[in-house]
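Below, chain A partners chain B and then partners chain C, in two separate complexes.
What follows is the complex of A and B.
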């Protein structure tokens, strides 16, 4: 970098210039911060926070997609009562928590950790394979989610899909299985899609954190006589834990609300086998035209996410906000 | 000695072999999309597995581009994503500059608001946004889609840019301010040249986000000639008799923009995205 120019504190021009510059400088510091924030904040207020509050209003109304012009009718807690009584809600909640979130998040963390540790090994760096390896890791992530679902639907297709053809040709199966249409396999198939597409983020985030661990720490452990396994359990993993916690929380929040994977892979089927909260919300609002009821599902999701967000803030930001 | 070295080599080969076996497995589905797209139609629908077909053809590309509405979807997506990216990065840059360079009342609260909206699941907003946009007559318009995408990309853009701007030495712009530069000039001719890798990474993130988005586009746009690539592509494989050759060809075209950008610039982008997202 070049030489950083020093701020000239006394203005070059003689006369009244000094005073004007100073008051201009002060004015700048008084209102300018808010002026600069105005475009971004107004977009957020109008198209983010206002809808979020409006969603709560909608959830207390009966309003159909066809009578938007007339507005809704206040029904008090009727939507929430119906939501609690609907057996589908419990199923969707269970599916969202166990399959869509817990299952895919834990698999991603486990696999992501293994891959990040492999990519961080000395031999990969010594043989100059880091760049190639990182490019390959990124491939699922640069594949758009809609394309990811299309690709897996095609791979898992019962007759022409590559997975079924390989399983039949190696003799593991006698007939192809429509993995996404059979209730015993459908959740595993969706899990495969989500884990595949979203794994790279975990690998890259953990790898960045692994590479920031100084080599001296490993050397010191080796001099003290620790073997590789002990170094992994007593040096690497403890140092990785803060990032691991933040990554786990982030992907939990992102996945819990995901609509796309389940909707495109199965539309919530077969039957209601893979219904999750996000697809339930969409179905109620835009297929059954019950916007108020859909909004109530949204409120339920928002409340659950609020808990996760608070945990996330406490884990990731307490330190940095305290400093600011 | 040589025995030790041979043992070390065997271990190295094992690690490299295992790593790349896993990585090739990860890359396979995307590779398979491409391999399917250059296969003759009768071989796509054949009962036996074949990694690479006997003859390669671009026939399905010709069919897709000439006989379907996919080119319209690509154009719509490009328009929406590019306008979103430019606008979103511009207004986020102003906001991030303010957060980075100024200490003012409510700074902490406003910053928390931005981070919170980055976490806030916009999936939940789809119902109220539809009602709101209906009253504003923004349903079934490109403008409506762009506004919605700006709102969903701004939080992360501000947050990412803030990290980059904080790393630009303050002395640089303070010198320019004392020299009499306006803030816009300071941002354009002092901050931008230094922080451009970060700004580029943010722009690419915002482009990819708008290019990939499905739910908002599905809900706000129902007229076929306004649909974007994800919604158009999804409508191709929702049908009972799916032309998988065309779906895979469309998938290749949907993946190409982000794939190229990321693979060319991966070293710069990835570290920024990873540190931006999990910054302690």
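What follows is the complex of A and C.
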């Protein structure tokens, strides 16, 4: 027991081993963090940065799917000009920003907060239902997205779906609504699928944050005469704000470039009603074979995501630095 | 002793030990192997795209090959059609991919032109398949110049499929012969059979989804071709141009949209792209649809589910002729294969009568086609006749336009019209504009 002694150094002599040992030790300490980071950095470089760079290079070319081996023709900003002029881009951007992202994120945050507050109530804790409640909440999240979409397609089916059968049997409707086939309802249907499948993450994140708020703070508020409503608005929500901000930003980033739900549910249809940037990118690259143009869509998405990411990092790390 | 020396001292013996063990293993294995089995063993990868339920017979054929050819073993792989082309293109360009691949008719020339498939001409000359190349159908679809990149393997089309009992109940004594007759008959077959105030039997159903792989494309082409039109045609000088006007397309859109506006087709089918969707396959069985449009494989699936008999019949006639698409698959060899000769031998086997004894598809060879047609049950005889009216996508392929893009644009614009996002006139104009853009892109 005791402090490990430092290595004995020989007296310094010009060109001697002692000075060399010291500089060797310093050099090792200097490069050691980078060597330890090297495996992770290599993975990032190979699987993230290189493909992203390749995508940017492709976006400046006219190149088809069949020409990857040969290379395409350099066309400068032509793909981006065409992208901006394409009326489908505006539609896809609007759908992505409003319906796919803003709508589903708002609903998830609102519902997630309500569910988290419900799961954190005294009643649930008193009856030892927290574990069960959490497990039930997680069910949508453990369902593979493909299965979730298929199940919802059946639920929403106009003639045989459970949702329509319920609405017709209860007299709310005289005939079933083909939710996924009608322009006026298709986005609500996709929103329902996305919210159902992705809500658990928000619930669990907010619940964890709620459970980390010390009970003493609530007791102090009650002693000061605050009712439950005031406690919610003046104690709970302010304390949840940092987590809410981070969760909102994260799910915004994850949802903005989501392809799966729209593609599986509607393929961007009916017509182009549910076309989003991700499906537009897929169609241009792999159906129309315009790999360069598809890459340009990807670059556009990447630039928008960059803005969100900068906001996220500023929010998340500013908070943690502030706490430190 | 520093770290490097320790590592060296551990590593070298480990490497020496590993090398010794593997050498010893090889010696032992060679000693255990009888001399004749030490001959070169080839393993081929064969990839196809049809779902498992449709290829049981093909799997049997491949197993039979493996049993008879211990030195050329074939591994069977399935990649669904919707992903197949993109995956094949990526893999071949990356130096990999299957040795033998099932490729759609419409992809073969594009893949061949891009150097992604092997030219089969030397193989065909050295060891002709079947009864010779002249016996094969639609060989021009895989031919680019004097090279052949795919051997036509199977042909398929779609026919009308219906419940004879429902037509009889509605007083329709024979299946409608023209497109107008079909619309009228479908209206008579749309009924509230239970008196609930809601339609529970629809006259005509088809997957009218807007996805790039939807089935509207096939019906639209059948309608156009039967009325003497085509999306692409050559002018007198041999130059390719879009063969339909916005008014022509609007006419087709008006026809098919009328099924939705008159509620002869359920609106929910605007969200269904695939004929194999349970809503489609089960519709005849449940009696919720009286007439549909299916390929043979889907017909057989539906027939298994239906308690009442269902029948195939010819596509309606237009003002010029009767028509339907002639689709099909070719077999192609990957230029990256390390065993081209063995791949060719296996390819020839797949195209032989042996395979078609168990593989219930229609061979793209005249001699074999006659054999298969003779074995067809009564309910499927119309399919064989419909094949004679089949029109391939030859013109579209040779025009240079991307056929997949044409398919996607057609479903998209028709879907927009069906769902009310665009007027018929707008949809017609936009589709012709899209076709022109695809043609121009193909010429670049």
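Simple rule for what comes next: the second predicted complex is superposed on the first by the 279 of 324 C-alpha atoms of A that agree within 3 Å, B and C clash if a C-alpha of one lies under 4 Å from a C-alpha of the other, contacts with A are read in each partner's own complex, and residues count from 1 in each chain.
Just so we're on the same page, a residue touches a chain if its C-beta (ideal position, glycine included) is under 8 Å from a C-beta of that chain, and two chains touch if they have at least 3 such contacts.
Nothing here was measured: the structure is a model prediction, and the numbers come from that model.
Overlaying the two complexes via chain A brings chain B and chain C into a clash.
Looking at the shared chain after the overlay, A:157 reaches both chain B and chain C. Of the two partner chains placed by superposition, A:238 touches none, neither chain B nor chain C. Of the two partner chains placed by superposition, only chain C is touched by A:268; chain B is not. By the touch criterion defined above, A:68 reaches both chain B and chain C.
By the touch criterion defined above, A:180 reaches chain C but does not reach chain B.
When both complexes are overlaid on chain A, the residue A:33 reaches chain B alone and has no touch with chain C.
When both complexes are overlaid on chain A, the residue A:287 reaches chain C alone and has no touch with chain B. Greater residue coverage of chain A by touch, when chain B is weighed against chain C, goes to B.
Legend: residue contacts after superposition of the two complexes on their common chain; A:301 is shown touching chain B, with no touch to chain C.
On chain A, the surface patch touched by chain B in one complex and by chain C in the other comprises residues 68, 153, 157, 159-160, 286. Across the complex, chain C meets chain A through its residues 86, 89-90, 93, 110-111, 113-116, 197-198, 209-214, 266-271, 273, 279, 288, 402, 404-405, 408, 411-413, 415-422, 438, 441, 444. Within the complex, the chain A residues that touch chain C are 62, 64-70, 153, 157-160, 174-176, 178, 180-183, 186, 266-273, 283, 286-290. Interface of chain A with chain B (complex): residues 4-9, 11, 21, 25, 28-29, 32-34, 36-37, 39-41, 43-44, 46-52, 54-55, 58, 63, 68, 115, 118-119, 121, 123-124, 127, 129, 131, 133-155, 157, 159-160, 162, 165-166, 169, 196, 199-201, 204-205, 207-209, 242-243, 246-247, 250, 253, 256-260, 264, 278, 281-282, 285-286, 291, 294-295, 298-299, 301-302, 305, 309, 312-313, 316-317, 319-321, 324. Contact residues on chain B toward chain A in their complex (touch as defined above): 12, 15-16, 18-20, 22-24, 26-27, 29-30, 32-33, 36, 44-49, 91-92, 94-95, 97-99, 102, 104, 107-108, 110-117, 119-132, 134-135, 147-148, 150-152, 154-155, 158, 169, 171-172, 174-175, 177-180, 183, 208, 211-212, 214-215, 219, 229-230, 233-234, 237, 244, 247-248, 251, 254-255, 258-259, 262-263, 266-267, 270-271, 273-275, 277-280.
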